[in-house]
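Each of the next two complexes has subunit A plus one other chain: subunit B in the first, subunit C in the second.
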Partner chain A sequence: MNTKPSKGVGQRMPLYDGVEKVTGRAKYTADLFPRDALVGRIYRSPLPHAELIEVDVSAARSLPGVVAVITGADCDIPYGILPIAQNEFPLARDRVRYFGEPVAAVAAVDEETAERALKLIRLHVRELPIIDSIAKARAPDAALLHDKKPGNIEREVHNEFGDTAAGFAAADLVREQTYHAAEVNHAQMEPHAAFAAWEPEREQLTLHTCSMVPYYVHKKVAQCLGIDTAQVRVIKPYVGGAFGARVETLNFEIIVSLLARAARGAVRMQLTREESMLTHRGRPESETRVKLGMTRDGRITACECEVVQRGGAYAGYGIITILYAGALLNGIYDVKNVKYDGYRVYTNTPPCGAMRGHGTVNTRVAFESLMTSMAAELDLDPIEVRRRNRIPGPSVTPNGLRVESYGLPQCLDKVEEASGWRQLRGKLPKWKGIGMACSHFVSGSAKPVHFTGEPHATIVLKLDFDGGISILSGAADVGQGSTTIVAQVVVEVLGVDWRRVRVITNDSAVTPKDNGSYSSRVTFMVGNATLDAAQKLKQVLVEAAARRLQVEPDQVECLGESFHVLGDPSRAVSFSDATAEALVDTGTLHVKGTFTCPIEFQGGKHRGGAVGSTMGFSYAAQVVEVSVDPVTCRVSVDKIWAALDCGFAINPLAVEGQIQGGVFMGMGQGLSEQTRYENGKMSAANFLDYGFPTMAETPPIEVFIVESIDPNGPFGAKEASEGPLAGFPAALADAVRDATGLEFHEWPLTPERIAKAMEAREREQRAAARKTVRQPATAGAA
Partner chain B sequence: MKPILRIQVNGRWREEAVADNTLLIDFLREQLQLTGTKQGCDGGECGACTVLVDGRPRLSCCAFAASFEGHHVETIESQWQDGQMSPLQQAFHEKLGAQCGYCTPGMIMAAEALLRTNAEPSEAEIRQALGGNLCRCTGYVKIIESVQAAAPGHRQTTGEPA
Partner chain C sequence: MQELDIVKPASVAEAVSLHGGAVGARYLAGGTDLVPNMRRGLQKSRKLVDITGIEELRQIAFENGALRIGAGVTLEALCASDLVRRHAPLLALAASQVAGPTHRAAATLGGNLMQDTRCYFYNQSDFWRTANEYCMKAEGTICRVAPSSSRCWASYCGDVAPAMLVLGAEVDISGPTGNRREPLAALYADDGLQHLKLGPGDLLVSVEVPAQSGWTAGYEKVRVRGTIDFPLAGIAVAIKREGNRIADLRVACTGVNAYPGLVPNLEAWRGKEPDEAFFAALEKAVRKEIQPMESTLTAAGYRKRVALGLARKLVGELFESAGA
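Our next item is the complex of A and B:
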């Protein structure tokens, strides 16, 4: 083993599990399906809204080869995210509320039989009015999707911090604009898959699933099966992308478990792409009205914002999403007066949920767009206006969020310089333009979604007779690199040879609970817990070495693979000897590290004040250069410069990848992506129609990492994945305006949308021209 | 009775009983347990299932196994040889061409087909050749860098090992 202490953090590390991925050896859930497992399939509602009078599964049940058929009658326990809003059943009971909602499920000996069984299921229904838009949901006489939810409002949020009236009165310019963003889907490449095995003799269930929050799946599956959580084991294999799609417990995970128990065996279930998209939980369509007050020199004096989200048929994460949409109006600029009104409505569309940038994206897009447009009116440079509104230093926002480290100004400097902004803005040839915007995101919600009193993150290090260090981690790596991060932190602290380390993840029977890969919490919280564990293990080893060396522990220096007496390198013990000594009397070592966000970081005292709370915000700025084809009206993005303050890059290579991926997802939302519905039926439930950008449409993305060294992050690190997304759609619209002179308030910026705006402008210009032609004649007559 | 298919998979001739309507991807994944090849869509939209047939990229989700009687199929599993990653695998690993890794097997096989006919493709040629392979994680930037790094022409000029 190495004689020099190994370096862990700050290195451009290929992913710890990268070899498995590039060789095809990585096992994703569907790759683990045993060939002899039953095949599970779901029968889905063909209607967006209907009362279920009867679900007739008798013919399906008697088909040879069918082992189990279940319906809503088999589970009357609802599930969801917040205890107050668990209003979804794994299989619909009494009523279906969206096209594609699961109604029944079968387990059969093979795919063909399962497919045939589905065709034998008959529904008797009474159709109900389809409420598929915000307007229909809020109409005074609208049919209600849920009892006790008048106006189809899932949740309203109203708050005001500071004095917005006074703020607007102090402004030199006040503008207001409504922006519209289409619903988008995560479109992760791996279709949903799960595999459940029920052992009737032991009455235990093992579930393999593609979750981002396995512990919550664990709880909800036990809840819906009416069994003790101890009877369940959840394993998360490799996951092919998630982006928030898998942050909730999803219906198929419960359904496959119910099927396995009903069939008294093992059931495999892979959803099609269409089914995966119908399972949805994406970013809701939203209408965002923003009003800003600005002084002549570009300082924002007040902000008022109203958001309406089309939430879909069930609660899911909705309450948190609508809270996030308001909370992160704060934390990026120094704005003292902020008012927010949010409305989340129920509609007969698949439930929306959390998607990269959860709740905050469309608000940020609207805010940034208005800010830039007001800057233009005041003849100010948009980058300069952002500098003028920077947060001066560590501070608390009006809604009680703490800002400790703030690298936004450096991000602005980077992209301004690298893009040649000053030379290009307003000076590019016709049909070419350049635009910019900023964004930010939390590094983990400082208050967990589900409060239990447990630490916010736990990591266990196991050291045994062999000298191998196993990192037992419950953090769900879904491609973002969390497994690599924990290994880097352990190696950095202990300095041990990389070959000594293994990371074991996501088996509830083995690894500690983790709160999950949501709100970009893992690097910050799990990173800190790993740091704690590694430091404790180091202490144990130093003490053991001190005993062997017969000196005090503070006389021992740890050099990774060996421990020396300070100032006398000839007196040393090896790592193995220190381990052997440490194991005397205790045996196998399990060292636990934890991390908890202190209470003062857990947000404001107002209702919903915990949402948006974090120990560190990431900050991003980006500049986007585009060309608009005047004939086809297609926008092509030619180049992107993106800078992100991630505090400290534990793995710069992975940080770059996260920034590029986040920006890319913002680009899709800005440019082309949208789920579409026709009479409540999702009509873009495939990659082709949904339209996320291909390699041919994606430009080079140059990234810059800004390291503000957060005082609380592990080695100063913050999040790097969600922050860079939201800037894109606003920067894109800004660039298109620079190219065409047209201002857009709706996304995606499809060719149809641009064509319409260009035609409208031409009509106006023609009308104006006619007027000027007529005018001299009128003047002559007078 | 299922007919017997004679097919070469990753250099090895096989004789397997395969139904006429078995897709190549299912034959590879289910029957041969070569699960490296991935399914990302409901057919023909994402490239995750790309394999090589006689050296050309094919979507294994869009073709019946039986139609490749006597042909040579190469999957991601064929890239690892003599206990070593291929140059493409090495580059995708080191340059983070794979994040979640789900698109990676298809991406690498499509890139392999490209590099066999073009030893030093330009960025534009790579974008063109891999345009049918979707990736949701990377924004493609590091995928392109990986392919460039693995290109034989590039490796010759930089003296990197094959």
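Our next item is the complex of A and C:
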């Protein structure tokens, strides 16, 4: 073991589990399927909207090799991520509301039998009107998806902070524009998979699943099975990407559990790519109308914003999403007067959910686009305009959010200088352009989804006779690196050799509860809980060493693998001896660390004011350079410069990866990704047609880390993953305008969309030319 | 997926004999087209004749001024072949644009030339097609792209065929009824359902491509992403130039019809200068040849626009570079 204290944080190091993953040794849920488990398959609705008169499973049930068949009749307990909006059944009852909604499920001895059983299921239905767009949902005579939801509105939000009327009156320029963003899916690499084992003798269930929130899955599975949470154990193996796709309990997790109990055994379930995409929970299609007031020198005097989101068939996270879309109008610039109206609409499409940048992305894209457009009208540089609207110092936003650290100005400086912005903007050759935008995101929701009074994060360090430190963590590593971060924090505090440390994660029977990997809370909250635990363990060991050394604890210096008397290195005990001393009379040590966001960070007092509340915002600025092909109208992204204020980079290598990943995901939404529906039926549910970018479209991404050292983050750290995304689509459109002179208000900027705009301009130019020929006397009179 | 009977012959003769023209039997090479279609229930074949063990199909040779390329040569091998790069670089260029690198490592020339036609209503899962009442190409009766039409409008989306067409390739076919050689163009029919004129058990053995020397040639495809995607439209051009005049010109299209096709009647421009009248006539000729329908997620109008634009651009650029 090392003689010098090991360094933990601030180190560029590969992810703790990175080598296993890139070499294929890591086992994901489907790799762990027991060979003797039954095969579970879901029968899905072939219709987007229909009343279920009968679900006839008799033929399927009598097929030899079929062990269990379940339908909506087997579970009448609804579920949903928000306690106040649980309106989804694991298997549809009475009505189906989207194409692909689970209706029945079978467990059979093999895949072919399960497949044949599905083909034997008969549905008797009365078809209902398909409400597959915002316009149809809001039409005065529209059929309603849910009782007690008039107008198909899941939630309306209306709030005004400050005085927007006065703000607009004080402006020199007021502009308003509506922006449209297509629905996108997470397109995570690993399709959904789970297996459930019901132990009839003990009446206990063990569920392995690819979740980001094993705790919520645990609660909802117990709820829908009508059993005590004590009877459930949830294990999360490695997860192959998530991005919000698995941030709530998903129907298949409950279905596979119901099947296992019905079959009194183990059932495995591997969803196809199409099924994974139908499970959806992606970013909703949205219409965003923004109105900004600006002074001649670029100061924003007021903001008014209306957002309508096509939320899909069930509540899911919808209320949070529509609240986020308004809340994060604040917290990035110093705007005093902000009005927001949000409408979350029910439609016969798969339920949307919380996708990377939850709720905030399309609002930010619209805001940034209008801000840049107005800057151009006032002949101001867009970067300069953002500087003029910077938040002056630690402050509270009009809607009660606290800004404690703010590195946006440094982010702007970095990308402006590195990209050569001043030399390139407006000066590139025809068909080339450069654009920019900013964005931000929370470092964890300061108020948890389920309020329990418990700490927001808990970490346990176990130390036993062997001297090994087991970090017991419930934080769900879904590729973002939370396992690595907790190990780095423990090593930093204790200074111990890396080989002494193990991270044990996500087994509800072993690891402490964690709320889950959502709202970029883990580094901040779990990181702080880990820091607390490590400091406490250090104190225990220092006291033990002091006893052995027969000095007071404050006379002991910890060097990681040994403890010395201050000023006398010859008097030392090893880590092992300190551990042995610490175990005397107590035995195995379990040291617990916790973290709770103080109440003053938990948001404004208005209804929904907790959404958007956080202890620290990350800030990002990016510059994007593009070329547009005049023949194919295809946009190529040639270079990206992205800067992120993540407070402090506990692992700069991992932070760079997160920034690149976030920017890349924004590029997908900006360039080419969108879900498609044919009469309400999702029809590009595969990786060929969905169209996320590939390596071929990925330009060099130059990354800059800005460290503003947040006063509350662990070692000053904030989030690093979601913030960099939202700037991209706006920066892209800005760059395309610089290249083509065409302004776009709709994403993605597909070749087809750009071709249409170019054709429209060509038509206008031809018409203008004809007019000029006919009326030479008035031409150019302006 | 269904249970399969897979046989693996060692020679062309044995392959043809094992296939025997049996209903539902298919030749299997790289499988990059066939296997995904089988998984989606689009191909119900129960018997597969795996031809990847036949050495003869993997040969590339150059003799008598022509390249002879076995149908079992992978696209990766085709791209890397010195013979191909020297004598028909256009083929390597076109093959390098097929799908992604992992596909090209498995996919073969024969499979690419004969790949199934594609359509938004056809290349879907069994679940999706069941819910959408199928289409005439698989299990249904109407063409979902053009419901009042009596034909199938799925489009051919191979990248190598148009390049082969402009170089005047011929194909050798073995089958239960004997061997034959014919122009590549004769292999194709204007029918999304049956776009290949092959008899039961016919096996494409090799392709003979005259050397490219004297021609300046290029291939470009349009797709949403820079890799993996099939062409929304693809144009291959071969041109000969004498002074400021076009000595000869061939243009072929892919992705915009049920077959890869040469644009007819370009001979009329031999000996003429490529002025604006020529380019207008070229666009007109291409417009007449192609018929993209709403068979892709990208609108047909866009595919038409870029096919015309690409033809104009490629011919112009290649004429310039032929003079350099």
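One rule holds in what follows: the second predicted complex is superposed on the first by the 776 of 782 C-alpha atoms of A that agree within 3 Å, B and C clash if a C-alpha of one lies under 4 Å from a C-alpha of the other, contacts with A are read in each partner's own complex, and residues count from 1 in each chain.
One rule holds for everything that comes next: a residue touches a chain if its C-beta (ideal position, glycine included) is under 8 Å from a C-beta of that chain, and two chains touch if they have at least 3 such contacts.
Keep in mind that this is a model prediction, so the values were computed, not measured.
**Student:** May I ask you to decide whether A:Q480 touches subunit B, subunit C, both, or neither, giving the answer as first, second, both or neither?
**Tutor:** first
**Student:** Can A:K21 be said to touch subunit B (first), subunit C (second), both, or neither?
**Tutor:** In the superposition, A:K21 contacts subunit B only.
**Student:** Which partner, subunit B or subunit C, is in contact with more residues of subunit A?
**Tutor:** When the residues of subunit A touched by each partner are counted, B comes out ahead.
**Student:** Once the structures are superposed on A, label A:T694 by its partner contacts, choosing first (subunit B), second (subunit C), both or neither.
**Tutor:** both
**Student:** Quick one: classify A:G670 as touching subunit B (first), subunit C (second), both or neither.
**Tutor:** neither
**Student:** Kindly classify A:G608 by the partners it touches after superposition: subunit B alone (first), subunit C alone (second), both, or neither?
**Tutor:** neither
**Student:** So in the superposed three-chain picture, is A:G316 touching just subunit B, just subunit C, both, or none of them (first/second/both/neither)?
**Tutor:** neither
**Student:** Tell me which partner A:A684 touches in the superposition: subunit B (first), subunit C (second), both or neither.
**Tutor:** In the superposed model, A:A684 contacts subunit C only, not subunit B.
**Student:** After superposition on the shared chain, which partner residues are touched by A:R44: those of subunit B (first), subunit C (second), both, or neither?
**Tutor:** Touch partner of A:R44: subunit C, not subunit B.
**Student:** Go through the superposed model and pick first if A:E190 touches only subunit B, second if only subunit C, both, or neither.
**Tutor:** first
**Student:** Go through subunit A and flag every residue that touches subunit B in one model and subunit C in the other.
**Tutor:** Common to the two interfaces on subunit A: residues 272, 274, 688, 694-696.
**Student:** Please give the residue numbers of subunit A that touch subunit C in the complex, ascending.
**Tutor:** 44, 46-47, 99-100, 272, 274, 631-634, 636, 672, 676, 678, 681, 683-685, 688-689, 691, 693-697, 750-752, 755-756, 759
**Student:** Applying the document's contact rule, which stretches of subunit A touch subunit B when the two form their complex?
**Tutor:** 14-15, 17-28, 30-31, 35, 186-191, 238-243, 270, 272-274, 478-481, 653-654, 656-657, 660-661, 663-665, 667, 686-688, 692, 694-696, 698, 700-701
**Student:** In the complex, go through subunit B and note every residue touching subunit A.
**Tutor:** For this pair, the touching residues of subunit B are 29-30, 34-42, 45-46, 48, 75-77, 79-80, 85, 88-90, 92-105, 108, 126-128, 130-144.
**Student:** Residues of subunit C touching subunit A in their complex?
**Tutor:** Interface residues on the subunit C side: 100, 120, 123-125, 127-128, 130-132, 222, 224-229, 297-299, 302, 305-306, 309-310, 313.
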